[in-house]
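Next up, some structures in structure tokens.
Each of the next two complexes has chain A plus one more chain, namely chain B in the first and chain C in the second.
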Partner chain A sequence: MSILKSGLCVALNDEVLIKLRSNCIRTNVDFLCKDPEQIVNITGIAYKDVISIRNIILAKYSSMIVDGGDFYHSIIECSTILSSGIKSLDEILDGGLYSREVTEIAGDIASGKTQICLCTCGSTLTRGIQTVIYIDTGAGFSARRILQLTPNCSENFVSRVHVFDVTTIYELLSVLDKILALCKDGKLDFYKRLNLLILDNVASVVYPCLSNGNIVESQGLISLLSQKLKYIATGLSVAVLVTNNLVKGEHGKKVASLGRVWLNVPNVRLTIEQNDQYYKTTRKVMVTKNNRGKIGGSCTINFTEHGPIQ
Partner chain B sequence: MDTREIVTLPIAPIHKTRLISAGYKFVGDFTDVDVEQLSRGTGLNHSECEHLLNFITESKTFVPKSRLGSEIFEKEESDGRIMTFSEKLDEALGGGMQRGIVTEICGLPGVGKTQLCMQLACVVQMPEVFGGVEGEAVYIETDGGLVLERLTDIVAATVKHCRHIASRDSDPDIQNIVSSMAVDKMLAGIHVYSCHDNSQLLGTVELLPEFLKENRKIKVVIIDSVAFHFRHDFDDMSLRTRVLTNLAQTLIRISKTFDVAVVVTNQMTTRVHQGADKGSHIVPCLGESWGHACTCRVILQHENGSRRMWLYKSSSQPQSYTPFQITKEGIRDVAACEPQELMNQDYRDNTETDSSVDNPSKRQRLV
Partner chain C sequence: MASKETGIQFLARLGSRPTLSGIEPILFGTEGPHMKDVIEIFGEEGTGKTEMLVHLICRCILPEKWNNIHLGGRAAGVILFDTDSKFSILRLVHLLEKIVSTKMKESENSVTINSSDMDVFIGSCLKRLKIVLCYNSDQLFITLHSVEDLILNDSSISVIMIDSISSFYWMDRQGGGDSTAAQESNMRNITEILNKLVEHYNLTVLVSKSPMFKKKNENQIDFNKLNTDDFINEDMELLHSEFLCKSWQRFVTHRLVLVKLLDSDNQSESFIIGGDCCHGNKKFLINNNGICFMS
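Coming up: the complex of A and B.
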């Protein structure tokens, strides 16, 4: 939590602040951790003031209580299911990508991760007035390919996708922050209609900071990143789609990369199975994690030059 | 942007720890904080604090740039790509080497990786009237593979080719352009860096933006080969992965910022399978994470005595096999009518002169 500042409430003036600081109470957390009577004793601030500061901090930073029924209705109202544009994939996903969820596609090199992203992007653009944010870390975005993959998609539609080119995790985090700020602000139509956020590919920005001797830093960044993605998904009712690499895990079995912390982050994980005969357009996709439905469902997607075969 | 966490900023970890233990957690906590105050709170000296404060204030106003999908579409449609002089290869690649992405060329020794690179360094300088992009090239060589005699051959063939086309045209402008083309001039348009170890290579790439800023004519950056210095001297494989993925991200940033095509070559290695499926495969070097990082990957192969390009990974083009050949003049299409001849062909023995112009199927496309 943040540092204590004057102006938070009337009782917390500069004089009080100096007294608190001289007793090593610098942040809100420091303040809350201490017993109010103890604070009175060591700083000599009036008990009434300490209690009022405490109440204001609690009111400002704690979350609101919502009853289950209301929560359910509010979620039902603002949730949408976005079609991925591939019928068989929608079927194994129980309709498609759900807003408020993080969906991950994990696959090998050239397994079609970006193709699924572009396809989902195109299919979302052609329905209604929804907008899409595409965060591209590997320069894989191709508007031409979206038009090829999506029937009835014209140049006008692709103007509703904003592409952010990001090459480091720090840039990625600042982009996510900016998106959050603009969405909360609610002034721009684009951000009001935001329905889908695609992050392709999450691993390539995280790898450079992984295991650089400072495990706290790299794991910290991964958890911050996942916290932000989750917050965008749930707080803004946006469907989040990320792609990830596959690495050899225990017993030579392929698992999604970025370690165990990350494994928990996506609500739904699709794994594109390894295909020894690479020169084929078909890929087998399997649901390997699903928080709300069945796992183990699989489908075969055939990527042709003019879109997936339905 | 006051709610941005300090941890998410690219600051030295030691400074982060100091700031956090002093109670600064968000960018907003620094409003109205002066150097003196910060220094007292964190125990860092004044110059460090000043630096930190400046950096944090800057990050507050940072606005990430985004592009509209339609802008990208227009750019994709109108952008001049860099041709390879083989129409079929260009077709498979969607019109040539794309700018703004990193393309990786893999292949066994002698299959023509360097030849293709030299061809690109040369074609990028072709005038616009001949379908070129009128650029210059940066050529970072690591393994001493850039043979100048060979490069001169290809440059001379390109100049000759342009003259040949121009001779059929009476437009004075084209005549002027052609007469200004010269082998020396084209060689001068290729800026060569030689890197003898991996730190030199990393340093060169790190400093490349400065060079590109001053030389805006550069349209292609070639690294031949990126794998050479990374195949040895690394005991710690995770360090190698980190360095390489970082290099890949830097290259992507360079290609986007300066709108250049980045072309890197990679070698091949044998991967032995374990478990049930015994045997081995020849796969590109540098591991899986590197393979994910490049936007486009092509593998050059020998197949029944001739050469072919396998477009392995591309976000906009389907996977494909395309035959090509290497002649004295450089990379050319394989003519469909002479498969038998090709079987025994060696590029040094091919003395056919300027076949690319005489035979229509070998002629490169004009825009």
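Coming up: the complex of A and C.
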């Protein structure tokens, strides 16, 4: 909620501001709630000035209203599809990870979530000059593993990954704010070329705030986090890849963790099927949510110790 | 503004906007949805709410007829508020092309349409859709104020869609501190401005809503039936739980509730929709061609 401040426009000077405040109009939402004529009546500010303040607020704080045709063309022009580096996975995802979307990989411990992240990271690095941000909450990032997993990836490619280590949700939110600010600023080449943001693993920073018992605060933080991730995805045209754990759901089925608010967040969700035999290297991956196509597609991935994933 | 209005507002109010009646007879009957209807589409995650809205957008923005092909649309303008950043325009274009090509095959007089004509036509349909991305409830509220000019100037706009109205629920509750009135103030303001737009310009509102809490009296519903087709006779309203403010509850006129059936094989996912505006629950599938209702 933004407070009305002088300097927003010429008509909103200190004198007008005092008149508004004495009538309990403090924020721009308060201002818009009231009819312009009503504001004139109760405060005695000139009608012309009220209208011009109103128009400035509307112009400055409302979102862009985009025509469907223009929206389509801008999507066609600036969206990219990033290969995950795993052929069978790309096939069930209609080509790979789409920019402007949040893709989630949900799976149990040791089911290969981080491996898929590293593989996607490596495959993005070998394509052109794109950069990757890897937000690591569990110390799972390994540059050596990326080199192992990606055939054409050399050591200087890996310099195009920035790794952020975060341990709490507050740190995560401030890192996301920093990334947003630097991208908007547009001065650094790294942030101009940003194409992929990986968050591995979201659950480990959110769990601690779920356990403090205050549902309003924890759900509020999850909503805030999801809006920030979505803003990075859609506002900067970046592909966002998030990993998450699985928990037992309402009907005994395994679902992604973090509750119903989070369940709505990803555009595409991949679920790695549970496998009791951890020593086996194959995992079955299934599309369990997809906003732009069919769900239910599945593939089997073989994680090998050396070399790329088959 | 209720007492007096400008000439442009007067004309916009009286001018005829495209009607939506009969847009999807399976859901709304042959008459509905009416002007000033506020329809809520309620369902858990992954029950096809966004897909249902995309399906209805197709029906709205396609014209009745094109090149002698009966498309059954209404050529109505839609303003879509995407608060979840979930809307995929690629999916919409894909579905529009599917509908046109299917109807083309069905029509008796064999018309052939080349792809560039098709692109121009799809482009003309997309012009009727306006997309707004919002990331917090203040922004949604302020943008609802600024779309009034657009509605005034474009007499084809007859629908406002919000996907979804519940996105900012927890952020608002967290921001409002201990006072329920403060927690709900943004939602009340949003309802108020939506109400004003609906009343002044005879619009129809369609919103999606996801549950934020576990249903309290859930044991009234036999979830074992979810495995079978018997669930089609359940009262869908039992699944609904309200959490938004009172003024929003008064504002809503109809509600559709969606549920996903637990099928043994994951290859075909089927859903059930029901509510006070459709006669009996309906089963549907979602596949590459969008929503397919089963008879």
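Here is the rule we use: the second predicted complex is superposed on the first by the 306 of 310 C-alpha atoms of A that agree within 3 Å, B and C clash if a C-alpha of one lies under 4 Å from a C-alpha of the other, contacts with A are read in each partner's own complex, and residues count from 1 in each chain.
As a working rule, a residue touches a chain if its C-beta (ideal position, glycine included) is under 8 Å from a C-beta of that chain, and two chains touch if they have at least 3 such contacts.
Source: prediction; values computed, not measured.
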| item | value |
| --- | --- |
| Touching partner for A:R292 - first (chain B), second (chain C), both, neither | second |
| First (chain B), second (chain C), both or neither touched by A:F71 | second |
| First, second, both or neither for A:K178, with chain B first and chain C second | first |
| Partner chain in contact with A:T234 - chain B first, chain C second, else both or neither | second |
| First (chain B), second (chain C), both or neither touched by A:V161 | first |
| Partner chain(s) touched by A:R144 [first = chain B, second = chain C, both, neither] | first |
| First, second, both or neither for A:I56, with chain B first and chain C second | neither |
| Chain B versus chain C as contact partner of A:L224, first or second or both or neither | both |
| Contacts of A:I42 with chain B and chain C, given as first, second, both or neither | neither |
| Contacts on chain A seen with chain B and repeated with chain C across the two complexes | 1-2, 216-217, 220-221, 224 |
| Of all residues in chain B, those that touch chain A in their complex | 1, 3-5, 7-10, 13, 16, 22-26, 28-29, 41, 59, 62-70, 72-73, 76-77, 100-102, 238, 241-242, 245-246, 248-250, 252-253, 255-256, 274-275, 288-289, 291-295, 297, 310, 312-313, 315-316, 318-319, 321 |
| Chain A-facing residues of chain C, complex | 1, 44-46, 50-51, 61, 79, 84-94, 123, 125-136, 138-139, 141-143, 145-147, 150, 164, 167-171, 173-175, 186, 189, 192, 210-212, 223, 226, 262, 266-269, 286-288 |
| Of chain A, residues touching chain B in the complex | 1-5, 26-27, 30, 108-110, 114-115, 118, 125, 133-134, 137-147, 155-168, 170-171, 173-175, 177-178, 181, 201, 203-205, 207-212, 214, 216-217, 220-221, 224, 245-247, 252, 257, 278-279, 281, 303-305 |
| Chain A residues within the chain C interface of the complex | 1-2, 28-29, 32-33, 35, 37, 57-59, 61-69, 71-72, 75, 100, 102, 216-217, 219-224, 227, 230-231, 233-234, 251, 253, 260-261, 263-265, 267, 286, 288-289, 291-296 |
